[in-house]
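Two complexes are shown next, each including chain A; its partner changes from chain B in the first to chain C in the second.
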Partner chain A sequence: MDFAFIGQTFLQLLGGIPLTLKLAAVAFLIASVLAVLIAIIRTRKIPVLDQIAGFYVFVLRGTPLLVQIFLIYYGLGQFRPTLQSLGLWQFLRDPYWCSILALALNSSAYASEILRGGLRSVPVREIETARAYGMSGLRLYRRIILPIAIRRALPGYGNELILMVKATSLTSTITLMEVTGIAAKLISESYRPVEVFIAAGVIYLAINFILTRVIALLDWWLTPHLRRPRIVAAKLEPAHA
Partner chain B sequence: MAEFFGLLSFGPDGWGRSLVSAAGMTVAVALCGFLLGTVIGGLLAWARLAGNLAFRVGSDTYTTVLRGIPDLLVVYLFYFGGSLLVTNVAAAFGSEGFVGIPAFVAGAAAIGVVSGAYQAEVFRGAFRSLLPGEIEAGRSVGMSRFLLFRRIIAPQVVQHALPGIGNIWQMALKESALISVTGLVELLRQSQIAAGSTRRPFEFFLIAGAIFLVIAWISQHLFQYLEKRTARGVRLEGAA
Partner chain C sequence: MPDHSSQPVVSLRDIHKHFGALEVLKGISLEAQKGEVIAILGSSGSGKSTMLRCINMLELPTAGEVAINGEAIRLKVTRNGPAIADQKQIDRIRTRVAMVFQSFNLWSHMTIEQNLIEAPIHVQGRHRSDCIAEAKALLDKVGIADKIDAYPAHLSGGQQQRAAIARALAMHPDVMLFDEPTSALDPERVGEVLKVIRALAEEGRTMLVVTHEMAFAREVASRVIFLHQGRIEEDGPAKETFANPKSERFRQFIATAHNH
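Our next item is the complex of A and B:
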């Protein structure tokens, strides 16, 4: 094992971290917005939209992400004239935006299922109470349903974020030079797969470790009612000096 | 539309035959990897539950590391690392130059190593759901450890683990698409080849996705059947 080489590789791989994080963050934000919409459509069983959303989730969860990435990046190129006339071509010819689109759509399907579980765990009596107080529509969601659902869904949602970071590695197959892209290049240049794997693995583990800590902290912060009361030692002072 | 089905015909000009055999390759490599993962997962769960401190820490580290690293990196490690190993061994026997390992072996190993980490967690959870009283009862009637495992532990662990294992099989199936980067002609690689030679990437990647969906759908039903079958002796709450 050549530790000097691992160190050198590590430094080169660090250059890929910003792109990895940017892809994960942007795609995750878009996915979250979509997932909330899908989850609400499916829990309220809005006709037609519910069926469409169900099919969307089934297809995106049942096919490999790599197929979805190729379909968007290579497949949509076939419709170049149409896309050009719609003004979308400048985005869809760029591997960065194709990656964002594929990652966001894919993750929205998984995340919507997690959120749906969260929404279903909101006790009916809480909703009824809120309605009795005259809350409805957006306010009911904002004040009662979403706060409960988000707390319930958070651990699963955190896992989805980790999966998203791992999924960004697939964008290296459509030429993006994020951490895995640089790692693949270094492997083919140096032909030392084990050392490069260790260096890249350390980077991903570090990112995911930090993210799991952040999510655990968020979970702790959002659930003060589940914390054990802190026992404060009573200060005993003599009544009379 | 007719042209679309022409692409898929089983005749000499169509891609139907190659796509079907590629789908077979996808199932084969995913299944081999998955079964290897079951062995690894079982050993890891056992090490975690029954082993000493070193075994427990080792098993825990394995699952944490493999679940935190992108699968694509693991595929690269096994494909290039495996070839490097074989080349070095061959060189020791006097061979010169590069010896590659079959992409199928590297791919199945990569899937197995990753899915083993996930399966270990499922087995561990399923084992936790065993009632300690049943194991004590088995011991008290004089069952040996093997008999206890075969009659009491294994049937219940399998039953509790099946839903989770079904999910991991679906993951392994989708992960097999990553092996296309090593050049193994499975479903995605075959679609890339067809897309390149006909210049119809949209149709072929759509077809690849559809075939993956069909395989996933069939396996889902298979697992539902198995779940029903293993739950035959279980009385469900409220189903009196």
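Our next item is the complex of A and C:
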């Protein structure tokens, strides 16, 4: 194995990290907003919207992400006139935005299910108490329900972020030069796929290692109520003789 | 001392409540004047909790009218039964009516301090610094000042209930509703909570207390109400009513309660 070549490749792949991270971050943010909306719609069983959301989740979870990326990138061209009139074409002909869209939609379906589990686990009594203290609607969600639900969903949700980082590698198939895209280019130049993919694998591993740490820290920081309290050393009374 | 000169703080007029075919409240009428401490007694299933929960609309009555400080709460009739007509009105009225629950129901992800300042800041729109200062004073008053930064799960039941009472007080409510505030406590913890409620009664606060603590009802309440199968069967000044019940059922209820 040519370690010098792996090292050299590694340095070239570093250039793809900003795009990988940007794709993951932007898509994850959009996915989160969608996921909150879908999870609330489905938890509250809002008529019609609930059925639409259920179908949306079913389709996006039931088909491969790669198929979704291709359908959006190659398929949306058929609706070009409509998209042009809506002013969306300049985004949707761009592989970057197609990737963001595909990643966000796909992840929103999974994330909404994770959040839904979190929402279901919020104690009914704590919600009722919030109502009894004058909270309702958005404020009730913002102050009580979502903070509890998100804490409970956090470990699973963190997992979704890791999956997202890995999923960005599929966008290389529609020309994006993120880490995997650069790797593919280097392979076609060098015909040394093993070394190149080892270097790429190390990069994904490093990113996800840092992310898991950050998520664990966030979880620790957000859930002091689930830990045992700091034990304050009891003052011992001197024994009387 | 009850103040009969002004309008009642709580007024229930002919309240009925159905759960499906089951009629749980069968026409409850009740006025609570400022400063009254009303003990609500009755056997299990007689409708005590349901009545209390109709006051702040956690249960929506199927008929009748609830008014707080003379303001009638607006409900509308839908195909699925009664519904809230004006959420803003109910949210506003709920800040005047603080409820203390049997199982404390502190918000588990918040510290005790955060529990106390949550609704005052985010519902009543008061200043954070004022609310924090007041939270400290209230926790001091209920005897758990040292727990201000603790989380509910790290407190004993009695401490949690005292924190919940402090949370209710932080709203500056016009009336406090207690639904069996000591029933979920270990026997040795009951006293510390009753002591706090007794102190509030002595301050002249208006309170409705559902309880199974007979001695407490007799000594602390100014008035006692006995519910039986969704109707008020007995209603009178606490001492006289206990000494001399008009209803035979209440007489029996007191007698069996004493045997426990």
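By definition in this document, the second predicted complex is superposed on the first by the 229 of 241 C-alpha atoms of A that agree within 3 Å, B and C clash if a C-alpha of one lies under 4 Å from a C-alpha of the other, contacts with A are read in each partner's own complex, and residues count from 1 in each chain.
The criterion applied here is as follows: contacts are C-beta pairs under 8 Å (C-beta built on N, C-alpha and C of every residue); 3 or more make two chains touch, one makes a residue touch a chain.
What you see is a predicted model, and the numbers here were worked out from it, not measured in a lab.
**Student:** Taking chain A as the common reference for superposition, should the pair chain B and chain C be classed as clashing or as fitting?
**Tutor:** Overlaying the two complexes on chain A (C-alpha atoms) leaves chain C and chain B fitting together cleanly.
**Student:** Is A:157 contacted by the first partner chain B, the second partner chain C, both or neither?
**Tutor:** neither
**Student:** Regarding the shared-chain residue A:194, is it in contact with chain B (first), chain C (second), both, or neither?
**Tutor:** Only chain B; A:194 stays clear of chain C.
**Student:** Count the residues of chain A touched by chain B and by chain C, then name the partner with the higher count.
**Tutor:** Between chain B and chain C, the winner on chain A residue contacts is B.
**Student:** Return first, second, both or neither, reflecting whether A:144 touches chain B, chain C, both chains, or no partner chain.
**Tutor:** second
**Student:** Using the superposition on chain A described above, determine whether A:224 touches chain B (first), chain C (second), both, or neither.
**Tutor:** second
**Student:** Per the contact definition in the header, classify A:28: touching chain B only (first), chain C only (second), both, or neither.
**Tutor:** neither
**Student:** Between chain B and chain C, whom does A:70 touch in the aligned arrangement: first, second, both, or neither?
**Tutor:** In the superposition, A:70 touches chain B alone.
**Student:** Between chain B (first) and chain C (second), which, if any, makes contact with A:130: first, second, both or neither?
**Tutor:** Touch status of A:130: second partner only.
**Student:** Please give the least Cα distance, whole angstrom, that chain B and chain C reach in the superposed model.
**Tutor:** Result, nearest C-alpha distance in the overlay: 25 Å.
**Student:** Which parts of chain A are touched by chain B and by chain C alike?
**Tutor:** Common interface on chain A, chain B vs chain C: nothing in common.
**Student:** Can you list the residues on chain A that touch chain B in the complex?
**Tutor:** 58-59, 62-68, 70-71, 74-79, 162, 166-170, 172-173, 180, 183-184, 187, 191, 193-194, 197, 200-201, 204-205, 208-209
**Student:** In the complex of these two chains, what residues of chain C are touching chain A?
**Tutor:** Listed in rising order, the residues of chain C that touch chain A are 56, 58, 87, 90-92, 94-95, 98-99, 101, 103, 105, 107-110, 118-119, 122-124, 150-154, 167, 171.
**Student:** Report the residues of chain B in contact with chain A in the complex, numbered from low to high.
**Tutor:** My answer: residues 64-65, 68-73, 76-77, 79-81, 84, 170, 174-178, 180-181, 188, 191-192, 195, 199-203, 205-206, 208-209, 212-213, 216-217.
**Student:** Of all residues in chain A, which touch chain C in the complex?
**Tutor:** 123, 125-126, 128-137, 139, 143-144, 147-148, 151, 223-226, 228-229
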